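The following pair of complexes shares a single chain, chain A, combined with chain B in the former and chain C in the latter.
Up next is the complex of A and B:
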């Protein structure tokens, strides 16, 4: 392991390159679904734009939810408008987002605990907004999903789908980049510059180097989600976003191959979503003061298990991987509205009305309707910029299909169950690069992360990307470390790979170890019993025993 | 946790199974039990693909035995193999090797001709993928069930049901006859049930899971009939025993298996129980002989220790040394396959070396195919423990 030392000059200039003396037409704040959607839309209409993200892409709420592409069934009864938006956007995304959407379909299942009267109301409300619901017998439902509780009373099929938040954000960025879009991660906004009540620029700080710089621009769009209130405050404007915390559980395997919703008025713990190799159950709902209050606790986990038992009665025999939490950005003009009482619709706030031209906040809304939100806010901004090009984000695919020839080639180099996943993560260009790495050194085909089937070559490719500064950035791009062992084996392997590749951000291996292991620990701590405890003891044995990581870190500090 | 919960959740990725897998040690072609079993099981639940190295798992169960979390790793592999082959055409080779019982019945009319035919057709067998070096077992001139019909037993109030299995029935009936003699010496009458069929072990390893389940249902109905009456069921073949007792529970969701499984015994285990109860005939004659012993993997997988060794230790003068050198490599019909023969011999090489170095010319082991492989690989004679127990009883009266 190397000592901490000072960052080499090359590293600083490497980081500086992206943020020094930049100029653009529009700055978009927030690297979540809405922000990347806006960036893509602007760039496709020919508007020059830079997106700023305070952490890594999809670090916030866009990866801290269950990854459900709603059919709208959940909102149909209480909020018909939201339900209608959902089914329309769901249909679009299933078409343009084939490489981040898994068309699982969904069930709405009424359990023995749920009000029968609601069922009729729900069927009627879905029909009214155009959400297809197909009733099937309980026997048929159990045949299709054998782990469902046999006590359920009635089941409907709906066109729900699973959507991978990480991949969706990355694919929007990839598409935007094709049209000239730029992205700066680990860049936080510290000031909004204006002159004569007109935005002229934005002041930012690189959170890794501490360096401060300015970007000249004509327009700022805040799509900062739960952080939107903090951004607006920088311009002295009040935006009432109430962060609402939702905790979720990731299970170790696919306990259902379809999304399963509880057929009752929207409440806690009533959605199960299969996602690649895992299943996610969520969520809870509680108002919090801070948008980054995302440390889950054991009480929430136990509550979710208690509720989830009505749909999957063996829920306690399924291994949990981790718990995680995100904050919904609930917006209300009424500062007293909270939780599920607040609207899930979205609002575009043109701060010209607050006396500052060139500043817009988009608040509220939900993942499923991110593209529509982006379209609305881009329409508004393009109006100001006098850009007449119409929105095409609903027509053009996020990423193009990988050609059959390239897929056939990929299958020669990737291990079983690996080629399709890698292709959807990497896109054609990335896939070619990873294949080239394996062609050059066949040993790079070996798995660095066995649980999630990620090759050494793919980890090295992700680590070399200009937006990677720590192992967790590589994790979000590859799913490395997100499977059964939660980093027990892939942490030392990935740190070794980064070190061996001489990457500029990988000089201090102690820091790399600590960042990644602590990130994993955050989600493990609230579920630390049963097999998770055994797994953690194995991990502790490897890192605290064999590798003496804590000792090394302490000694470095002296 | 539910018993025999066949999902990958208990695995902590500790990799102990890989360290204990004889196939992984012998060839890099197999990606190892952790990867192919529980790790890829998570992928199998979400995607349709095939792991090419799945075919290298022998179902020897050393992974299951070593797993500190009780994951039925080899069973996950067998289920995955069955899923893969469900709607696919199978090779003639795999069909032949899986259907030993059918082949035996076809040959039963003229076993001499069948054996002659087999010798002549080794070239043909090689063409379809059966190694011409492998120790294929010859058929016996008279099957166990034929020999048993002509045997006059003394009737006793205590009775046991014997499940002979295909190997004893068609290839090595003398083991069955020795077992009956031993039970008679202990004042037990042995019942043979004509309705028993192949336990399904060779079908499972080649992915014919549906047929294995049919066999399981037939056998379970018969087993249940006898265990309901309180009769113990005894096997001399450890793979049949494991299948009836444990693998049926892991592979199939058939009611009542757990109940009858309590009444299933390995012959050595049953006799040792009798000894504990003071009911064993201990009139053992002295045998001043030296043997090596090999514990079949499927015996060790049953978690009952080494009853054969303990039983033989009661015989005066007998010197039996446990080779304790791991898997022999045959794994039923795995070592018969052209593309697996070398791996099979490599797996067994440690055992063969231990046996040769011992200088002892005969090896005792419960499993029929282990005996074939050891005879072939170490160039020694082989015996079932029951044969020695019978010999000792007979020596007492001389």
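Up next is the complex of A and C:
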């Protein structure tokens, strides 16, 4: 594993050294797209920074959405400025993020149920903000995407793309690390320290060890998304973020090779996004009380299928993998608040206006414009810090390409299709390390996860990374357990591998089993019918029936 | 038109046991089989009743049987038939030279590949834990390249089990040299030990790491055939005792059991049709006349006096789940299920409660005939056995193969 996010000073060893305090200039809160974008930008401008994430990187909304790099078409009519930002950032990300963006292009398709009058308005609005829309015939659209409903009325091509949220976050961190950036995962903020109305530090707790410590800093940037209200509240400041749960379905088919948007005013269930061998359908919308209310339910899934049927008639015959949900951080300004940023898409709140200097929250916005948000916030903070270095995040690629020589070497050890996947997941450095493991022990080339083509060596490398504390962390880095069987076979192997490697976090294997399988269950439970039900009977048969993970340590009778 | 006495739909443990019991009664039987049910998954271990509601372990399988709920298949089958079925199963095993150990009055706690113990009733001799319990030192032996077995996991977790904590564990590995660029499963190792050369080579490799007198925990690899030759030869050559663990698929112990039962049935004149997809039935006035299979070539119709429906649950395809409803595809028998899909499953995958969806299935009378909500028999000559029955969660209870054997037997006896 590349170990993007590897902290130069590992948090555990830091704690062991006692009460010695870490120091930095800026603390960034939130390991999602915005947070890592800010970390990268600060570090590239030479500002020392630490990023704190309460869970694992990309655990929150940045991985709990459809993975659409918007062309802006979805926003053009209702919010022209957001549409313009999208097309500009879309163009930049295709360039700098080649290893996390799949240039699929997109369709906007109007179905027989959608208002014809909207079509003209939409074309006009897109033209106004510079989003190219190319009309094609329904016949041509059906030739390109044969699964589309033949009942569709009109189709336009737009420069949408698919983006892997996990990878994008990891690659930003990898880039930031090259410039000295540090990341602490499983670290939650419990206090904002200030003196004379100026931030002087932050108090954190390691959620795995429970240990509390302080980090001295001059500036805090909250990019906590749906959690931004909770962070601001620690300083007695009100930031009105309303978490809004969106549920999505992952299908085990590339139903479409292009992104397909429904050509109508943005609503539920009208986006299909292909990612590798799967397709994601989103999204629902429901106001929730807590930012971590990400438990999808069967009703939402059935609704999505009902709506999705208008674009893809056979939707019910496709095998679902799981449902998942994230919370959108919807911001509504307090009419009395001051210090609002310029853009309507997102808002930068300088809490100096609330009486606390050195504290900024960035709220609202979308994944597609994360880099721009980061640039704006970093500009503001650099102004305070008197740093004049300009932003270069739009010019420099997130990660370098893997050399042809290394790829040739990889093909000797990986299955043909697996080599490309592994290279794109791992980056050059990580790929090199995994190859070294296989050279040392050739049997490590065996697939630990057959569904996603992940070798034993890759899982062992990811597990050994200092930011791995549970099997789900390894999953996010490797994609193991994210395919058809949803952990039925790879859970046992990954727990066994972690244990066999003597990793410190592998002490209680029963906890590892339960954590991972429960995580998979969360997404399976709301789609428990058809072949998903079959698979679940198998999974329970193995882990509950045969391995008795549930009964755990019983000594009855023996 | 050939007419059989009994057509059994399903070639898993329930169907094979039903066929065995029917031939014993002198019936002419055909089994329509599509795969081997869960035999190659859960395997050849016969769980009867391990855990009660609330996750409380039953003291003995027998004690567990007394405490099952009203809708449980065991309640319908009744104690005498359960005991007879277990006796009958053990008789077959004995007769075929692959005897099982255990009885209803003793819970056997056997080691699993996750380093836990699981409660069960009957196991093949390769899983006998008598010597393991006595040993002060235990060797856990793994095979290089076998990706489904991690000996250190077992050694470490056994240290946490009170009754096993005092023992000393040593992990040893041997290299079967089977990898050669492909993935290795327990089946590969078992096939290797099936051969004379493989066995001899294995003994040589083991001799270096396993001292005489050792008790050795190994994955289930002691041959694919339903006999104890591999175990006996290894133990004789090395002076050791080998204990197989319960493990992940492919299940070698299940494969042995299936091979043995199929052999027994064929000897007794049972016809087994493989790859038979039963698609529909012909029913006249509460009686099934025939079932029809679909194949690549053509439809085939199987007429019989009676039918045993043992085609599994959701996994086997005997039950199909849709949002808020369950369909039984051959006879369209009613399955009571919550229309609100949220009620099908617990929020926690593992808890002290059974999963509601796992208990969904067909209602039957004491003869295993399908009944409607009022308890009225729907089909007079159809008898249900196995996972398509309502009221038990085989994973949670550890009761899967026990229900299969008892209900298969009862169905055949009721014909």
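To be clear about the criterion, the second predicted complex is superposed on the first by the 521 of 558 C-alpha atoms of A that agree within 3 Å, B and C clash if a C-alpha of one lies under 4 Å from a C-alpha of the other, contacts with A are read in each partner's own complex, and residues count from 1 in each chain.
In this text, contacts are C-beta pairs under 8 Å (C-beta built on N, C-alpha and C of every residue); 3 or more make two chains touch, one makes a residue touch a chain.
Not measured: the values here are computed from a predicted model.
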Chain B versus chain C as contact partner of A:417, first or second or both or neither: first
Touching partner for A:216 - first (chain B), second (chain C), both, neither: neither
First, second, both or neither for A:266, with chain B first and chain C second: neither
Which superposed partner A:514 touches (first chain B, second chain C, both, neither): second
Of chain B and chain C, the chain that contacts the larger number of chain A residues: C
Partner chain(s) touched by A:286 [first = chain B, second = chain C, both, neither]: neither
First (chain B), second (chain C), both or neither touched by A:92: neither
Which of chain B and chain C A:314 touches, first, second, both or neither: first
Partner chain(s) touched by A:484 [first = chain B, second = chain C, both, neither]: first
Contacts of A:406 with chain B and chain C, given as first, second, both or neither: neither
Footprint overlap on chain A, where chain B in one structure and chain C in the other make contact: 447, 489, 534, 538
Touching residues on chain A, where the partner in the complex is chain C: 295, 297-299, 301-302, 442-443, 445-448, 456, 489, 492-493, 495-497, 499-500, 509-510, 513-514, 517-518, 521, 525-526, 528-530, 533-534, 536-538, 540-542, 544-558
Residue ranges of chain C in contact with chain A within the complex: 38, 41-43, 45, 47, 50-51, 55, 57, 59, 106-109, 112-119, 129, 133, 144-145, 147-150, 152-153, 156-157, 160-164, 179, 181, 183-184, 246-249, 313-315, 317, 320-323, 341-342, 344-345, 347-351, 355, 357-358, 394-396, 398, 400
Touching residues (chain side chain B, partner chain A) in the complex: 1-2, 5, 7-15, 31, 34-35, 38-47, 49-52, 69
In the complex, chain A residues that touch chain B: 252-254, 257, 274, 276-278, 314, 317-319, 415-417, 420-421, 447, 450-451, 453, 483-485, 488-489, 531, 534-535, 538
